[in-house]
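Note that chain A is present in both complexes that follow, paired respectively with chain B and with chain C.
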Partner chain A sequence: MSKQILSPLPGTFYSKPAPDQPQFKSVGDAVAVGDVIGLIEVMKSFHEVVADQAGTITAFAAEDEEPVMAGQALIELS
Partner chain B sequence: MPIKKLLIANRGEIAVRIIRAAQELGIATVQVHSAADTESLAVMMADEAVLIGPPMASKSYLNIANVIKAAVDTGADAVHPGYGFLAENADFADAVEAAGLIWVGPKGASIRVMGDKVAARVAAQAAGVPVVPGSNGRIEDLAIARGIAQDIGFPVMIKAAAGGGGRGIRIAHDLEEFERLMPQASAEAKAAFGDGGLYMEKVIERARHIEVQILGDGNNVIHCFERECSLQRRRQKVWEEAPSAALPQAMRDQLCASAVALAKAVQYRGAGTLEYLYDDASGQFYFIEMNTRIQVEHPVTEMITGVDLVREMLRIAGGEPLRYSQDQIRLNGHAIEVRICAEDPAQGFKPGPGTVTSLKVPGGPGVRFDTMLYAGYTVPPFYDSLLGKLIVWDENRAAAIGRMARALGELDVGGLPTTKPLHQALAQDADVLAGAFHTRWLEPWLEQNSHKLDEESKTP
Partner chain C sequence: MINVLKPGLSTTVQDLGRPGYYHIGIPTSGGMDTLSLAAANLLVGNDAGAAVLEVVFLGPELEFTADAMVAVTGADLPPKVDGVEQAGWTAFRVNKGQVLSFGYLKKGARAYIAVSGGIDVPVVLGSRSTYTLGALGGYLGRKLAAGDVLPVGASAADGEGRAVPYHLRRMPGAPAELRMLPGLYWHRITEEAGATFFEDTWKVAPEADRIGYRFKAGRPLDFVPRTPPFGAGSDPSNIVDACYPYGSVQVPSGTEPIVLHRDAVSGGGYMMIGTVVSADMDLIGQLQPHTPTRFVKVTMDQAIFARADRRNTLRAIAAALA
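What follows is the complex of A and B.
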């Protein structure tokens, strides 16, 4: 049964803390509840996306800098 | 040559404001927009609309090549940049002119001088305008900088020469902190602005933010009096007034004359604003920076002078000389603007984009609401949270605050959190009524008054 981490807010998804830094998490990484997996920029303010489930990342459902809706899947976990 | 077809390189309420001014002058309009703004009011109002990219501003509203291409493709002969986005980008101003189009704003060279905060400070000093005590230009040598910091006294602000709008500022309270912050500040400025240059200013405690509106045609410059914007949160203005309640008339005359002198010295063309700190304890004012564009809070100036600043920008860009002499600009009554943002003041100003389910707009004498909202519009999450500006005018400040409270009571934006409860609380506050505030007044007030900022508690 696959699990997903959803965007809590509408906005722009960032998979990195800054453009010149590595991704918070990559495919194959283990994720624990409470880990920061990305940022959502909404109206020029940045909000951390915190994992509410644990697992291993199988895929990113949203790309870095992609516009997302609230409730949209960001990461697939196994 | 008068403008015939204007491209608006912006969005939101200011795009609507510019389209209105163009329509009144018989100028056709082209609205560029991102994929997130297809349903925007500005797109609906403009004669033509051109999609210039995806939602992210860096790929649409900040994409110089796409904006210029849209202007050329639609046969526009002029570009108005509004505020924010590319409004103070000298390279964009140059690119517009290089494409054979009219730039509604000052020359790229003027934007460059004022955009470099050190060059602006030097220009101000040369024009005899007082500046905040600090370094004479960029800090080239740490030992000399240390000496200046000790001379002017701590705390001092370390500022990025390429910064502005409240960005790139650090405060050092003593010599040790100063020496620790200098290398960090330089590295950060280099990363953020591509220029590690720094300068230094004394911290003026309990200062008011007062700014002078000017209009120039490249030869003559007039002022349209001042605005006071001391009520700020995180260096962003939330409540603005014209005139300032704190300035004695003689001080107003001096301040406005200094702004005209500096704008004349740089042969300024278009609308601009010179920002100052004013210390009411000492009666001193100090130039801090110039904004080479129309500002969010320009309507309060329009209300007290009767001058349509955006229309004058279009006329000046079209080659007309200033239509007013200084003695034709009269200060009449008092105006206040509040920024209505899609943020919840009861929850730390958490942003809340979404769909406007209903909209009731205030009216009556002396009330103006500049907005891009309509019922059914979905406010996208990709841009700033400003939904509109509620502006009131009345004969005097006390009456204007009363009128603002009345108008806020009529305003109802359904479906979104807004900052209306904040403004309702401010309009009843004893210090606000007395005009007794400074730029660091609002943040501690917010901490102590969070219980007054709930939408529910304010609904009668």
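What follows is the complex of A and C.
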């Protein structure tokens, strides 16, 4: 069954901790509960998105620097 | 009392604000959407101006140590009592020991949690509102943190099931439309820029907050050439320092309009091309980042009519809940 990690906030999604650094997670990576999978920028600050489920990443549902809504899927897990 | 288990993103105590001190640099503060704030209070039997919790985007988790009547208005942020979803804009009971939590935000930006008896933090300069930049009012002058304990006033805690009629739940449309009265410095931009400002659909910038709402994606505004007056900076958007009204729209360098809101600074050196009518300041409080927004030009008469219309909406809510 497919699982998703959802954005808790509306804002801008970042899949990297900084522009010159690698992604927090890539397709095929294992994710454990509590892992940081990205950042959401809103109201002049960055908020970590923490995985609330474990699995293996099958796809990103949101692109780096893409505007997202609260409750929108960011990552698909298997 | 209420135990804060999780604070949410930026949850603050707010009431109708702290007017009367803006001239000495203390902003009005208070709820960004005071119509929803007042409605939440009326639902639980409080005075319209009792202190509530203003929640932005992400709900807190709150444990109640006494029975209370609670209502959540404004943004569609589904409230849950011990995990059971409750209706918005409706009074529901939370019993001693139960936990109020929230689902994902579905619509809007700010929800108001009113608790019967009101959040009983000390009154500072006539208000319980939090001004976080000045560390003034509210709960220790700051947003809530896990482990905080909120005092709650005494109440009868009745009125369960009362709801605000749907047509009185005011939220922005799509695109959001903000009525604006052109102001003192309108003459600084060209006629063409004045036209494109109202034609363009702008988008809420992610940095928009209680201080001001910034908008992007419209065409830059061109200025009428001038020799800067003594005391003004060299940027064409600079003016000799002036007072900034609540709701004023400044456009630094002509690129991104900023509407000053409840926690704004009271003066500075950017020209303001106009002011969003007071009736529509509530709507700004409900705009998420990236929301398409248009400014709609109005006259002073239309602005005054809009203010009366908003007052009538609040009266209709009070009458429906009486």
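Going forward, the second predicted complex is superposed on the first by the 78 of 78 C-alpha atoms of A that agree within 3 Å, B and C clash if a C-alpha of one lies under 4 Å from a C-alpha of the other, contacts with A are read in each partner's own complex, and residues count from 1 in each chain.
Operating definition for what follows: contacts are C-beta pairs under 8 Å (C-beta built on N, C-alpha and C of every residue); 3 or more make two chains touch, one makes a residue touch a chain.
Model, not experiment: these values are computed from the prediction.
**Q** With chain A superposed, do chain B and chain C clash or fit?
**A** Aligned on chain A, chain C clashes with chain B.
**Q** Touching A:Val42 in the superposition: chain B (first), chain C (second), both, neither?
**A** both
**Q** In the overlaid three-chain picture, which partner chain does A:Val50 touch, first (chain B) or second (chain C), both, or neither?
**A** Once the two structures are laid over each other on A, A:Val50 reaches no partner at all.
**Q** Residues of chain A touched by chain B versus by chain C: which partner has the larger set?
**A** In the superposed model, C touches more residues of chain A.
**Q** If you stack the two complexes on chain A, which partner ends up touching A:Ala30: first (chain B), second (chain C), both, or neither?
**A** neither
**Q** Just chain B (first), just chain C (second), both, or neither: which does A:Pro10 touch?
**A** After superposition on chain A, A:Pro10 lies in contact with both partners, chain B and chain C.
**Q** Can A:Glu65 be said to touch chain B (first), chain C (second), both, or neither?
**A** Touch status of A:Glu65: first partner only.
**Q** Intersection of chain A residues contacting chain B with those contacting chain C?
**A** Dual-contact residues (chain A): 9-12, 41-44, 67.
**Q** Give every residue of chain C touching chain A within the complex, in rising order.
**A** Listed in rising order, the residues are 9-10, 56-58, 104-106, 109, 206-209, 288-290.
**Q** List the residues on chain B that touch chain A in their complex, please.
**A** Result: residues 36, 54-56, 342-343, 351, 353-354, 381-385 of chain B touch chain A.
**Q** Which part of chain A faces chain C closely enough to touch in the complex?
**A** Going through chain A, the ones touching chain C are 6, 8-12, 41-44, 47, 67, 69-71.
**Q** Name, in rising order, each residue of chain A that touches chain B in their complex.
**A** 9-12, 41-45, 65, 67
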